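Once you scroll down, you'll see the structures, which are given as structure tokens.
Shared chain: chain A. Partners: chain B in the first complex, chain C in the second.
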Partner chain A sequence: MNYRAAIALRKTVDIAVTALVAAVCLAPILWGLSTSLKPANRIMEYPPRLVPETISFEHYQTLWDQGILHYIMNSVLVSAFTIALCLGVGSLAGYALARFAFPGKSAILFTIVAVMSVPISSLLVPTFGFMVDLNLLNTRTGLVLLYAAYELPMTVWILQAFFQTIPVELERAAMVDGYSRMQAIRRVILPLSTTGLVAAGLFVLTFAWNDFVVALVMTTNEDARTLPIAIYNFLGYYGREWGPLTAGAMVSIVPLITIFVIFQRHFLAGATGGSVKG
Partner chain B sequence: MTHGSNRAAWWLVTPFLAMELIFVAIPLGIGAFLSFYKVDFLERTDFVGLGNYWTVITSPAVLRSLWLTTVFTSFALIFTFAAGFSLALLFQRDTRLHIFGRAVVLIPFTISMLVGSMLLKWIFSSEAGLMTTVLAPLGLGNVSILADPNNAMAALVFNAMWRDAAFAMILLMAGLKSVPLQLYDAAKIDGAGPIQRFVKITLPMMRLPILITFVRLIIHFTNILTFPLILTGGGPSDATTILGLQLYRTGFQDYRLGIANAFALMLFAFNIVLILIVIRLFRAKEQQA
Partner chain C sequence: MSHVTFSSVSKRFGKIVALDKLDLSIREGEFVSLLGPSGSGKTTTLNLLAGLLPIGEGEIHIDGKLVNYVSPDKRDLAMVFQNYALYPHMTIFENIAFPLRAKRGRFSAAEIDAKVKRVSEMLGVGDLLARYPKELSGGQQQRVALGRAMVRDPKVFLLDEPLSNLDARLRIRMRQDIKALHTRIGSTIVYVTHDQAEAMSLSSRIAVFAKGKLQQFATPNEIYNRPANLFVAGFVGEREINQFEGRLHREGGQLVLQADGTRIEMGTPDGFERAMDKPLIVGMRAEDLEPQATAELGLIPATVKLAELIGPDLILQVMVGHLVLDCRADPRGNFRPGDVVHLRPRVDAIQVFDPQTTESLRNFS
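And now, the complex of A and B:
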């Protein structure tokens, strides 16, 4: 086999394997999308049809009629405030860890690694009673505070790694020109850190938008319930009506994937720049 | 930075540390306190000492879930690690195709766990007809997946692999990229084949990333709640009620919070042991770098 044929073969195998992997990863999602667009009486048809013959939005209409908007708004608000809190508090701590050598610094770094590894489900039981005591059960504020506490270690980690890549001279110059340290952070460091902030924000968004177990335990009425809880309750309520269920799944997936596509450059920089936890 | 004082640094990290103290450390402290009491529907009543701990470790349901967790974690670990390592090797070059491949693999990991498990439940359910169509040519047309104990466990393991192979891939890929390419070139010149290069260079150089990936996956799988809660509901007949789900039921369906706190703290202690291992490995990696 000559050299060129070997390269062509290798490329073909490469593409075929990638296609196979993509098929396994995406099949459940595409099948869900297909189901969500089928009229109710065609969902169970046999043999199953991957591409719907007729497209219907009736299941999305059902969700709308059931008041899904309330839960979507809760998810949006909780995610937005969690991101703001994480990036605000996280930039300060990340800056300190990136720029100062102070006693206790390595203890903080190891605390970060430890908290990043704590599985949240093992915290649920003790946290539940505490949230009751603080009157934070069934509040969006409660969810924001918990989510921020759980995602801050990751945020601080990403941001301190990013801040280290910004030359110290820039803020020294700004401080010689009369900026205070806080002004230097706000006007010099943060504007140069969009990539790091977006990468950290995407991690926080993914957690807050997707979280199911924390919201499941910390909300006992409809007030603060988020989209995943609504979907879970549909699972109990509709049982095996897969039309509305898969439609709900798509409502959860599509906005998130869209945001990732929009910010893909930042995300890939964050995911490959050594900033991934572990 | 010389002109920065320690005090400034501590001011900057205080809000962060306060958040972790209030919402992670204090709940754990309260949980530890409550684990020594009998708690009925949020009312703390009698001091029972280690009674709750005894109740947990002698409960047949807990012991069964412990065994099921061991089974689940072992299989999920093997398959997820193998898939993640294969994917990391497969997509390690920064070509367009490989970057696309990585992005697609990350999708199941990025979407909500709840939604992922629900979509798999729909695929595996007999009503969808999808698995029946796929399996019928293999003579397995009548096999039910979620209604059979062993198959349900296998489905749970598949769920873990489908979602978390990407997590293993990311952790391992960072390690792969840090292996100096000259080593491979030198080995090639010395006549080492691809398998020899993998065994003699890649594996030894990747020792720490591999161990970190292992421990992190074990922590993740031993505590997992969403997969069994959604995909199998712990069934059929509790065959997939692993620890995370057992704990959730004790706390939030039976509302036996004293017992649940004792249970959660024992699980947490187990996690701490693994987390200390992660930190040690992490420290070793930092020193190596």
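And now, the complex of A and C:
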């Protein structure tokens, strides 16, 4: 086999493997999309069709009628405030860990890594007790605080690693130029950290937006319920409501995918790292 | 323009003493170089002055005011970093304007515009203002870093090895530019370098550091011709000073230097009183040993081992007994390896050091 043929073959294999992986990952989503657009009486038809014969938005209408907006707003608010809290606290903590030498620093770093490995489900019962005592059950604030607590170790870790790649001379220059340390962080370090902030923010978003277990336990009525719980309830309350269920799933997936597409440039750059030079 | 005083300043990093009881007084308008090898404490000294490191012990005063606990942004200094530290997310204009936009500035947009334009024209980067740092060459970035420092009128300029990332020719040109700049604006400048040629050519006074200790603080002329100890004598100069063990004694009226079986008759120079009749380390610079082809009374016979023509100098490596010495010959001279030459020492330029303390034993009038 000559060189050119070898390259062509390798390319073909690459594409084939990638396509296979993509198909396996995307198939359930495509199937869900298809189901959500079928009229209710066609969902269980045999043989099944991937492309619906007639397209109907009735399930989306059902969602709307049942007040899906309330759950969407809950998810949006909880996710947004969790991200804000995580990035706010996480960037300050990450900065301190990246830049200052202080007693107990390595103990803190070790603890952060250790805490990341604690399974959340093992914390549910004690945290539920806390939430009741603090009157935070069934509140969005309670969810935000819990999510932030779960995701802060990861956020701090990502950001401190990122800050270390930024030359210390940049903030020193800013301080000599007449800016306080906080101003130097805000005007020099944070603008150069978009990649790290986006990467950490997406981590937090994925968790907060998709979380099911914590939200299920910490909400006993509709007040603070988030989208994943609402979708789940279509399984329980009215028998198997496949149409609204898949429509709800689509509604919850689309915003996340949109945000990832928008920020993918940053996310990839963050993963490869070293993109900032002094 | 301001004066700066270090009083008994020390700084430790863990167990390492980075700076040991530094006393240094920098006068208004002076260009002072902090010279030394890496790890000698020179950059620590600069960072302490800038306020970028918390001071360990001692006091630093700027214009008579204690600044130990004054944060860097309130010290009113300007600094140029070795890697320039230009803000990558800002244009050149914004980089130079950055110090003016700080709270203490209170400049109007028009004032900022005028100041940035003036400084950038002066440094020849006026047509680069819309670009970003990564689009500039090293030399241009260097000028922008200088511009950012000059755009204000700070009390003291701090320069941390600003030329060490440039290639050799550009370095010499920028060296001249910096010198011209100092003459023009007359500010107090503290300049950190490990390059003795830079320190010699730029400074009003040089502070030589080694192992966290100030070795000598004097004019370039004194540093070169009257080194306080063996370290200074060895560190300063294009090539290392010739060093060998010897002993001085008096024969009749005149001084005789005895080294490795070789006698050097020195006549009756002053300043060697403390060095008589004890073991010494002798230092002689290449240019203070002039080789000539013909023998004369009092000259030291030697054999040429190597001849290197370096620009304006012809450097000969010669053997005197077992000693290997460098000496500088007339570049038009015709010396070849194996030739016998006769060295004429400049007696008053001979340095003598105590082998134990390495301190100079010479007295200079």
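The rule is simple: the second predicted complex is superposed on the first by the 269 of 278 C-alpha atoms of A that agree within 3 Å, B and C clash if a C-alpha of one lies under 4 Å from a C-alpha of the other, contacts with A are read in each partner's own complex, and residues count from 1 in each chain.
Convention: contacts are C-beta pairs under 8 Å (C-beta built on N, C-alpha and C of every residue); 3 or more make two chains touch, one makes a residue touch a chain.
Values in this document were obtained by computation on a predicted structure and should not be read as measured data.
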{"item": "More chain A residues in contact - chain B or chain C", "value": "B"}
{"item": "Partner chain(s) touched by A:L152 [first = chain B, second = chain C, both, neither]", "value": "first"}
{"item": "Touching partner for A:V188 - first (chain B), second (chain C), both, neither", "value": "second"}
{"item": "Which superposed partner A:S180 touches (first chain B, second chain C, both, neither)", "value": "second"}
{"item": "Doubly contacted residues of chain A, that is, touched by chain B and again by chain C", "value": "175, 181, 276, 278"}
{"item": "For the chain C and chain A complex, residues of the former touching the latter", "value": "50-52, 71-73, 75, 77-79, 81-89, 98-99, 102-105, 134, 148, 158"}
{"item": "Residues of chain B touching chain A in the complex", "value": "1, 3-4, 6, 8-10, 12-13, 15-17, 19-20, 22-24, 26-28, 30-32, 34, 42, 87, 90-91, 97-101, 103-108, 110-116, 118-120, 122-123, 125, 127-130, 133, 162, 170-171, 173-174, 177, 209, 212-213, 216, 219-220, 222-226, 230, 244, 247-248, 251-252, 257, 260-261, 263-265, 267-268, 271, 274-275, 278-279, 282-283"}
{"item": "In the complex with chain C, residue positions of chain A that touch it", "value": "167, 169-170, 172-181, 183, 188, 191-192, 276-278"}
{"item": "Residues on chain A engaged by chain B in the complex (per definition of touch)", "value": "14-15, 17-18, 21-22, 24-29, 31-32, 35, 44-48, 89-90, 92-93, 95-97, 99-105, 108, 110-111, 113-115, 117-119, 121-130, 132, 145-146, 148-150, 152-153, 156, 168, 175, 181, 206, 209-213, 217, 228, 231-232, 235, 240, 242, 245-246, 249, 252-253, 256-257, 260, 264, 268, 271-272, 274, 276, 278"}
